[in-house]
Amino acid sequence: MTKTCAAARVIEHSLIAGDVWKMVVVVPEIAATTRPGQFVHIRLTDTLDPLLRRPFSIADCNAAQGTLTLIYRVVGRGTALMTKLKPGDTLSCMGPLGNGFDLAARRPLLVGGGMGLAPLLFLARAFCSCPATVLMGGRNDRELFWPELYAGVCQNFHITSDDGSIGHRGFTVDLLPELLERDKFDIVYACGPHAMLKGVAAITAEYDVPCQVSLEDYMACGVGACLSCTCASTSGKRHKVCTDGPVFPAGEVVW
Amino acid sequence: MTKTCAAARVIEHSLIAGDVWKMVVVVPEIAATTRPGQFVHIRLTDTLDPLLRRPFSIADCNAAQGTLTLIYRVVGRGTALMTKLKPGDTLSCMGPLGNGFDLAARRPLLVGGGMGLAPLLFLARAFCSCPATVLMGGRNDRELFWPELYAGVCQNFHITSDDGSIGHRGFTVDLLPELLERDKFDIVYACGPHAMLKGVAAITAEYDVPCQVSLEDYMACGVGACLSCTCASTSGKRHKVCTDGPVFPAGEVVW
Amino acid sequence: MNTTESKLTVNIAGIKMKTPVMTASGTFGFGLEYSDFVDLNQIGAIVVKGTTLAPKIGNSGRRIAETPAGMMNCIGLENPGVDEFIAKTMPKLAAYQVPVIVNISGNTAEEYGELAARLEETGVAGLELNISCPNVKQGGIAFGTCPESAGEVVRQVKKKTSLPVIVKLSPNVTDIVLMAKAVEAAGADAISLINTLLGMAIDINTWRPVLGNTVGGLSGPAVKPVAVRMVWQVARAVNVPVIGMGGIMTAEDALEFILAGASTVAVGTANFVNPRVAVEVAEGIENYLTERGLQHVGELIGKVNCG
Amino acid sequence: MNTTESKLTVNIAGIKMKTPVMTASGTFGFGLEYSDFVDLNQIGAIVVKGTTLAPKIGNSGRRIAETPAGMMNCIGLENPGVDEFIAKTMPKLAAYQVPVIVNISGNTAEEYGELAARLEETGVAGLELNISCPNVKQGGIAFGTCPESAGEVVRQVKKKTSLPVIVKLSPNVTDIVLMAKAVEAAGADAISLINTLLGMAIDINTWRPVLGNTVGGLSGPAVKPVAVRMVWQVARAVNVPVIGMGGIMTAEDALEFILAGASTVAVGTANFVNPRVAVEVAEGIENYLTERGLQHVGELIGKVNCG
């Protein structure tokens, strides 16, 4: 679990949908100890612009091969530059960072929205013996690539889309009560937009199912040193998303 | 002669010696009107670091094919980044800039040191009907690539090197008096380090041979707007290296 | 006037501009240097190089240095003097429809007044008082850091001219609002900011300053956050229009300044990187307005919501 | 002591450091956060996060934003309070040999004194008075822009402590030398600079400030030229040692500060980019000395030749 800063070599990199890319890098020092829910903090270029590292969830990890998979959407300058990386190129990678999910579950339900489905993919794979059910939501069928990515990992999907172009029309949370009533899940893991997480937290509280949420925040250091990512918790204690999280019990988050 | 700012596409790019690269770009708008002694001002990346353009002499130009050749040495961050450009990549190119050499000569002698030999290569080619004599100097035989580059263009070479590892041991200017005595050159064109140009100016003045020197200076705009490159002239008038030069009659320069 | 024009047309202290994007003094020469690259008539206004009574040869030694996302300069106000500007340059600029604003510098308040007097009736659209040049020993920045002297410069100029008077402030002060209020009280018709931040670089091989004048003025994207902050502070505190500048490279940058309170903006260092930037920034602002269904750039001025 | 150590060993106001490269307050946590990445004992000194009497939760909303070659922050001095630092953090840091300097902030001069008193005999190597934080409403920057109040803070602290007292100056002033002389006269043992420049960014989609606190402190390579200039100005004007910082990413950057007059340097924002930077910069300085046949980093201090 020691964190390191190492050179990661790109071995695979491709556009998998509209503006979403999948990148596989070799970085054995980090892959050796990575757990689902953790993230890496990467430096893209040597120039001073952009300057800061960028945090990305680990969407898959193969310790034997020393590889990590990242799935990312192009949103700004850093991710735009990232798309230019070719197999053979290296980037600087700090990791594994953050706490990761608590894996003590027998009947897990994974609820993901948008890029929040990236860390859940690695989590789903961790539950191969007790396959996870996944509730996934997105804006429209152009986000259809997620079911494909999850296909090899688990069988039980429930899909929603804002415009109804794929799966149920509506938000992820709309379907959640039904699922919680139908099945006896012993834990819900959620990652996605803040509003979604807030909804999931409320519903799981109502149904009294434990819930872990993975949060995002703007990060400079990624290791608990700069305090750019702290948030209040229901216990009154201040939390750092980068080290105390990014995964928190839903009940500890002040929404 | 209208200056433009256009996208130049790299079609050839290779290391030709230790830290010297040759790059051929297609940029017909500029190649159409370029004369020997002029330069281009190029932007390497879209990021803000490095920010400014970089000036490079035009080492060759083929108006028919719309190509320009640059020969550059890696000295800092900009040129280091430049080496990463691959055929097919584009860069932003302002040109043709500067005045260029006055070509009215019948027996020209070209005197170049180091990277100063780049613009003289294009100049030498312009004298195909009355072949130029070239006096070239460098630190050592690792700068041997220049004779090769000039081989197709002219026959009369005189080479000096600081350490004697190629040609005559000594500085370019050491050989100049001898050449001026031996042959009746009607003009000397010089480009290279400041100290060399100063020496050439003094010797040509002594022998009463007209001399044109091409100067370098730190440049922001390249078009006469920022006044970062101005210098005093013997006439009292202020000169801008980027627009009044980079080529000046040696007698006008305050050394 | 077509709708395109009306979306961007602005009037700053009586200077009518086709777009709210000007060029910053010292970064666009006299405009003519860039006429091959860009249609000068599509620029809001050209602020020409800092001009003094007598010609100046500026500083010796190296005059520019690149810095992270920025540059430093120590040109030292090299210029041919106001008389040559009036006799030789202004007639050429008169061939264009673009408003020409002359950036002036003096060693004394009276010299500023004298410069203003000479520029009266020469066809220039306005004056910008450079009380903030970090690159000259006398005057310049001294006026820019002391509210009383700054006010005195403005009063001297206002006595001698009927032209709109813009006062350009230095960012190298503790309290920019104090300076802004002082020049407003003295009669400034508009305030422009920021001039360059005072900086220095050292060559670790020679152990000498990189710049010939030891220190220089920092400009470019690196300084943008400081500039936006100062424009915001000043625009809230004064009633005269503010011209925002400092690191603008794109329409997005310009929009930040406008939301912060700038009525127009100027591009400086960016001209060196992209000679068409003044026009492209204006186009980008227009697109932004169109996309959001806004009628006029004025609807954005100072609209940042800090509540 | 081997030769490697002796080339870099420095003593600032009685604080003995293995290398002249410290970490800047707020950018290296309490050091422990980085212990996986770098051997803390190879760092000159760790300046811990700004500490106050009572715990502080800092500012709400977004706290950092990237800027061209820099970043802005408005953390707002979030910290667990001096008592928790003494009780919980200091014992862990005591396991290392690295000198620990506590950066302190108060709302009144007396609060600074009280903080100093509590930190006496806790094993810390020195105090750094943050009179320049732009991110808190009361105190902070007010002390940093007024020579009299700054002097008063220093006097209150000196009364209460036997520890070396470093005073950290704000760059957001007209005359940095005036501030430096005031704190030197009041008894400062060393001066560190620069803290962050006050900046702002606006989200052009939401028309709101990007940062939760509207304005924030600009740091990183973008500010380096301003920092080098101020270190140069101050080092020539005072007799106490100067700790230089602002945008240092490499040994070359650090050497600029040392040639400008800094006796030691601190790396801040760079830690976020390269967690090993403090050690790598020290190694780079050592190589530079070796290549030039110099015996000690002290031979470089203030050696810039501006003649």
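We call the chains A, B, C and D, going by the order they appear; numbering starts again at 1 in every chain.
As a convention for this text, contacts are C-beta pairs under 8 Å (C-beta built on N, C-alpha and C of every residue); 3 or more make two chains touch, one makes a residue touch a chain.
Listed by chain with UniProt protein names: A, B = Dihydroorotate dehydrogenase B (NAD(+)), electron transfer subunit; C, D = Dihydroorotate dehydrogenase.
Because the structure is a prediction, the values reported are computed rather than measured.
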| item | value |
| --- | --- |
| Result of counting contacting C-beta pairs for A-C and B-C, higher pair | B-C |
| Identity of the chain that, by mean CA position, is farthest from chain D | B |
| CA centroid of chain C to CA centroid of chain D, Å | 34 |
| Inter-chain centre distance, chain B versus chain D - centres from mean C-alpha coordinates, in Å | 47 |
| Chain B residues counted as touching two or more neighbouring chains | 48-50 |
| Touching two or more other chains - residue numbers and ranges from chain C | 68-70, 220-221 |
| Topology of the chain contact graph, where touching chains are joined (line, ring, star, complete, other) | complete |
| Footprint of chain B on chain D - complex, ascending | 68-69, 221 |
| Contacting residues of chain C [partner chain B, same complex] | 26-29, 33-34, 36-37, 49, 57-58, 62-66, 68-71, 73, 75, 78, 220-221, 249, 269, 271-276 |
| Touching residues (chain side chain A, partner chain C) in the complex | 48-49 |
| In the complex with chain C, residue positions of chain D that touch it | 67-70, 72, 145, 172-175, 197-202, 204, 207-209, 214-216, 218, 220-226, 228-229, 232, 247, 252, 255-256, 259-260, 288, 303-306 |
| Interface residues, chain A side, partner chain D - complex | 2-5, 43, 48-53, 92, 94, 218-230, 232, 238, 243 |
